[in-house]
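Take this structure first; my questions come after.
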Amino acid sequence: MSQDQNKNSQVFEGMANIGKGMATVMKHFGRKPVTLEYPEVMPDLSTRFHGRLALLTKSDGTDLCIGCKACAKVCPCNDLIQIEMHRDEDKKPVIDQFTIDKGRCIFCGNCTEVCPVDCIKMLPDFELSGYSREELVLDKHDLTLTGEESDEWRQIRGMNPHVE
Amino acid sequence: MSEPTNENAPENKEPAPNPPQETPEEKGPEPGEFGKLLAENGLTVDPLGPDAVGVEMIGVAPDKVLDVAKFLRDSQITKMDFLMSVSGVDHKEYRESVYHVYSVDTHKSICIKVKADNDHVPSLMPVWPAADWHEREAFDLFGIIYDGHPDLRRLLMPVDWIGYPLRKDYKQDDPRLVWNER
Amino acid sequence: MVELVSVLKTMAVSQVQSYPDWLAQLFGFIGVSLPDDFLLFQWAVILFTAIAIVGQAAVVFMVLMERKVLAWLTQRIGPNRVGPFGLLQTLADGVKLLFKEDIMTRDQDKLLFTLGPALFFLPCFVVYALIPFTSELLAIALPTGALLFFALSSISVIGIVISGWASNNKYSLLGGMRSAAQAISYEIPLVLAVLAVVLYAGTMNIRDIIEMQNNGAFGFPFGFISWFSIWLFPLSFIIFFISSIAEVNRIPFDLPEAESELVSGYNTEYTGMKFATFFLAEYAALFAMGALTVCFFFGGYYSPLGGLLSETLKIDVILQSLIGIDGFAGLVRQLEMISWMMLKTYIFIFVAMWIRGSLPRLKPDELMGFSWKFLIPLSLINIFMIAIQKYWHVTSDLTFGLAWAAVLVLGVGGFCVMMSRHFTAKLEERFKPALT
Amino acid sequence: MTATDVTTPQIQIPGVSVEQDTDTEDLVVNIGPQHPSTHGVLRLITTLNGEVVKEMEAVIGYLHRSKEKMAEGVSYFQYQPTIDRVEYLSSFYDHYAYVTAVEKIAGLKVPKRVEYIRMITMELNRITSHLLWFGTFLLDLGATSPFFYAFRDREEIFKIFEDITGARMMYNYYRFGGLNNDITPGWLDKVRYFCDWFPDRLDEYEAIVNKNPIVMDRTIGLGLIDRELCMKYGVTGPNIRAAGVPMDLRKTNPYCCYDEIEFDVPVGERGDVYDRYIVRMKEMRESLRIIRQAIDKIPGGDAAEVEKLRQAVAAKEEAAKAKAKETGEKPEPVPPINPDFEFKGQKINLMTYKPPAGEAYTTVESPRGLLGCYMISDGTPKAARVKWRGASFSNLAALPELMIGQLYPDLMAIFGSLDVIMPEVDR
């Protein structure tokens, strides 16, 4: 671009450029909106989404968790996951209590990664708000999925179906 | 770039072939490229061997560090003109100020470790002005006092903070902060 | 009392001598008879009140329109929750603001802090009295209407300055000071641009200016061809439009409230209804400016199609044959006028919103420079051109075309030289590497 | 440092002098910690004469979350999610610096496929970061629409990230010697589609901004940074490249697989705000170029193909085992799939993982400049010291000097152009 020729036309060039910019903005006027009307239209989430924490169960609905506390150990938020368990007469683990304070959870996914039995998982569900802090503390009952749901999730995630 | 010493220079891209945990067992690491160069110029430094990335580490006494730094910056071979960071390190018995310097022209870096003499280290601001905020941060978090720093104040913590939080023996027992306990 | 009335009648040189026919017809239709002796003064007050209320509604709609337009320009949906298509959104916001706490800090100047929004708000609405929405729907048709309009609208700056000062906030103060400087700078090209219109039209009466445009300034009796903007003053129009955007503090001239620099400028400290007052007044001013642009340059309430709808198509006759109501020719004509007026005004408001969506903000020094070094000399040249043109027009119609061409060449040439002088000197070496 | 220490020649605006003849009082404005354009919580104590900045001091620390102290209290793996929060606009870079530090100390071998996936994600992350900068920078200048456009396109990349990492900003994806998970089938096609789709958007941005006279007026010749100033404050990234210094660790000290990729390092000429803008826009295109090449070169290709290979190997192993059972001999060794195709190198127990004693200083060319992670490991499961060298930290240090003698509205242009993000400054 020659400089000498431009000297007198710079102003017009500037105006043309403003016009070009404004025309580009106007191009968007008729385009389809990219925002979603959230409660009616839900976003399409990945199956790997780090959302609500859940405990998968065996296909028959019994506990899968073996109470190894690996998830509690790698959790970066101190005592967020709390597990109480004992062993029954067959030395099989019985989970008495499993609480997660989702109000303090940072949804990093560390717990899901170290779980040796693929029990604790994160589901693509992000509507986690509650009216009080107490509501945000989930106990075992809130966390546990049914057998069918667990199977469904195992299928979606491409995990091996649980075998005894 | 075209220095003859470039051939055996440690490069960042290759992982160090020998893990550094083996080095302490040896009788002491050999001085690297920069260590030799400094020794040739009458500046004795304590060679600490390469770190895991391959960057040469040298230990320098506090009273010599300004000379070493000036040499590294001004020498046409080293051209260490870019101070990447100053890190305080607490070794419980003593504290250390670690300088990582990079050369924009030769693309090499060096790590200078200065043991704090009773928490006193000369400031490297006269050599690398970029040390300003980094040294303030190290002072703030470790209590290392950089002599000669023109404006040594707390940087990240509030001015009235008690103690140096990144020290290993730090305990947060400020009575004003009881509300902060869970 | 009678003398007073007659004095008022002579003072307000409105052409509304009695009720307009269509109004009497309308009231007659609902079965209300109006008193014969109706004071002009009362008529003006009633009209102004009506216009102000309608104007308020227009402003409320504009807030929504702005949000919608900006949303569509950025591929969003925009407010659509409150009411159908979000039409009640602004009302909901208004109600929210109304119930908000009115915060006033200890060190603020209580009186001025309260007075500021009012001073800003009032002139923005008073000017509605001067805008002819139709040939009869205007409160007062003053012979000095254009002058009064600018006199009034510049009062609102005082409101900004004192609320900026009384806020006891540094951002507000800077915003107020900027506003004062900006208003002073842009008032001049604004008035100079209108001066060119006035010079040509030979009157300051806004309605007469519109009538001039309809009657055909160049012997073109048909619609938009005779508008001032097309034949007379493209330069005036550009200057006027730029200055009017600056006058109502909109992007790219929104320095008084520049939210990335001054947080919110002069209204940083305002909450609740006081803030809403600022908000409303801004949009009211924008509406008034849009309406004025239409009046001065785009034939006001006249349709670009001439009297196509009411005169050629005879809509009132059609209406009469369809629903059997008689005598509404006047009313239909008025409705047509007001629709065109609103349509044109909203087109300009839309353009202002489009500009807001596209352009970044100027710097204060650039802003001042643009006005003083560029717009004001340009508008002086413009006036010179118009004067020459007027002279030729008066003396000889035959040579007018030639003369106008000469003036146009002169003007555009001057424009080019001015522009390049102004910009190249400063930007030459700065732009050089960037443009390669 | 205080502004009075500044000894370099002050940048003068024609017609505006810092020392005014008139007897005026200075106005001290506290910009921040809560201010729309400080991009977080930064406090700038500014002394104004009229609208000209006389002095400026930056006060930081409002976002200090003691990330370095946290590293000493938790295990290596436990610390990983919190790294995302060190610099949340481009957290892949922090992860990369941290993960490589551990890998170098422990001498872990990283499969090629992992390095390529890391490179693709990092470059995509550079685009998101630059896009956010683009939007907020223009918002600082007063233009509103580009902000939304930038966020719209950022969203596309976030969807791509969400596919493989499950998160949109806090990825926590890299692991020592590998990745959390392999990419999903079809993911590479999505990235390729994005690479084809995005240049049109960049063209649109440039049509709106590049030659806009108002933008040029507000940016050209402002906030000049030259090489000396960069060295004085440690300014890096696009800021130093705009000053004409081609300092880009991807080129000079190639990490990852950048030495196998062809790309240019865009540099500016004057080192002003406009140049920094141009450099970042060009960098986005270069990033796209890198991503395109990486997609073509990635070992193993799409995840579905690698999965097929894996299944084939598993089937062969099964067959060999079955055969061995029949014949009663030892099963024949089946050739494993190319180790470069794996998404995890050595199998390690993350819960108790501890690298041997040693130290490493890893540097990454993050979107904001040189990001360093200094790690000392003493052989225990917890790091002895992790120090973050944020690029923004040093970039911000240069701001007070840049602002002396400039107009107050230019503060937003200059500060915005440095691309400072507060969590990285305060950590």
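Some points to look at:
By written order: A, B, C and D. Residues from 1 in each chain.
Here is the rule we go by: contacts are C-beta pairs under 8 Å (C-beta built on N, C-alpha and C of every residue); 3 or more make two chains touch, one makes a residue touch a chain.
As the structure is a computational prediction, the values presented were derived from the model and not from experiment.
Of the two chain pairs shown, B-D and A-C, the one joined by more C-beta contacts is B-D.
Comparing per-chain C-alpha centres with the mean over every protein C-alpha atom, the closest match is chain D.
Our note on geometry: subunit B versus subunit D, Cα centroid distance of 24 Å, whole angstroms. In this assembly, the C-alpha centroid of subunit B lies 66 Å from the C-alpha centroid of subunit C. Inter-chain spacing, taken between the CA centroids of subunit A and subunit C, is 52 Å. Subunit B has its Cα centroid 41 Å from the Cα centroid of subunit A.
In subunit D, the residues that touch at least two other chains are 145, 149, 152, 208, 212, 214.
With touch defined as above, subunit B holds no residue shared between interfaces to two or more other chains. For subunit C, the set of residues that touch two or more other chains comprises 73-76, 357-359, 427, 431.
The list of touching chain pairs reads A-C, A-D, B-D, C-D.
Taken in their complex, subunit D has these residues touching subunit A: 74-75, 77-82, 84, 145, 149, 152, 155, 159, 162-167, 170, 172, 180-181, 184, 204, 207-209, 211-214, 350-351.
By the touch rule above, subunit C contacts subunit D in their complex via residues 70, 73-76, 170-171, 174, 251-252, 254-255, 258-261, 263, 356-366, 426-427, 430-431, 433-434.
Remark: subunit B residues 11-13, 15-16, 19-21, 51-53, 55, 57, 81-85, 87, 89-90, 98, 100, 102, 104, 107, 109, 111, 128-130, 132-134, 141, 150-151, 154-158, 165-166, 168 touch subunit D in the complex. Taken together, the subunit A residues at the contact with subunit C in this complex read 1, 3, 6-8, 10-12, 14, 18, 21-22, 25-26, 28-29, 31-35, 37.
Remark: subunit D residues 13-14, 16, 27, 29, 35-37, 51, 138-145, 148-149, 152, 208, 212, 214-218, 220-221, 269-270, 274, 278, 407-412 touch subunit C in the complex.
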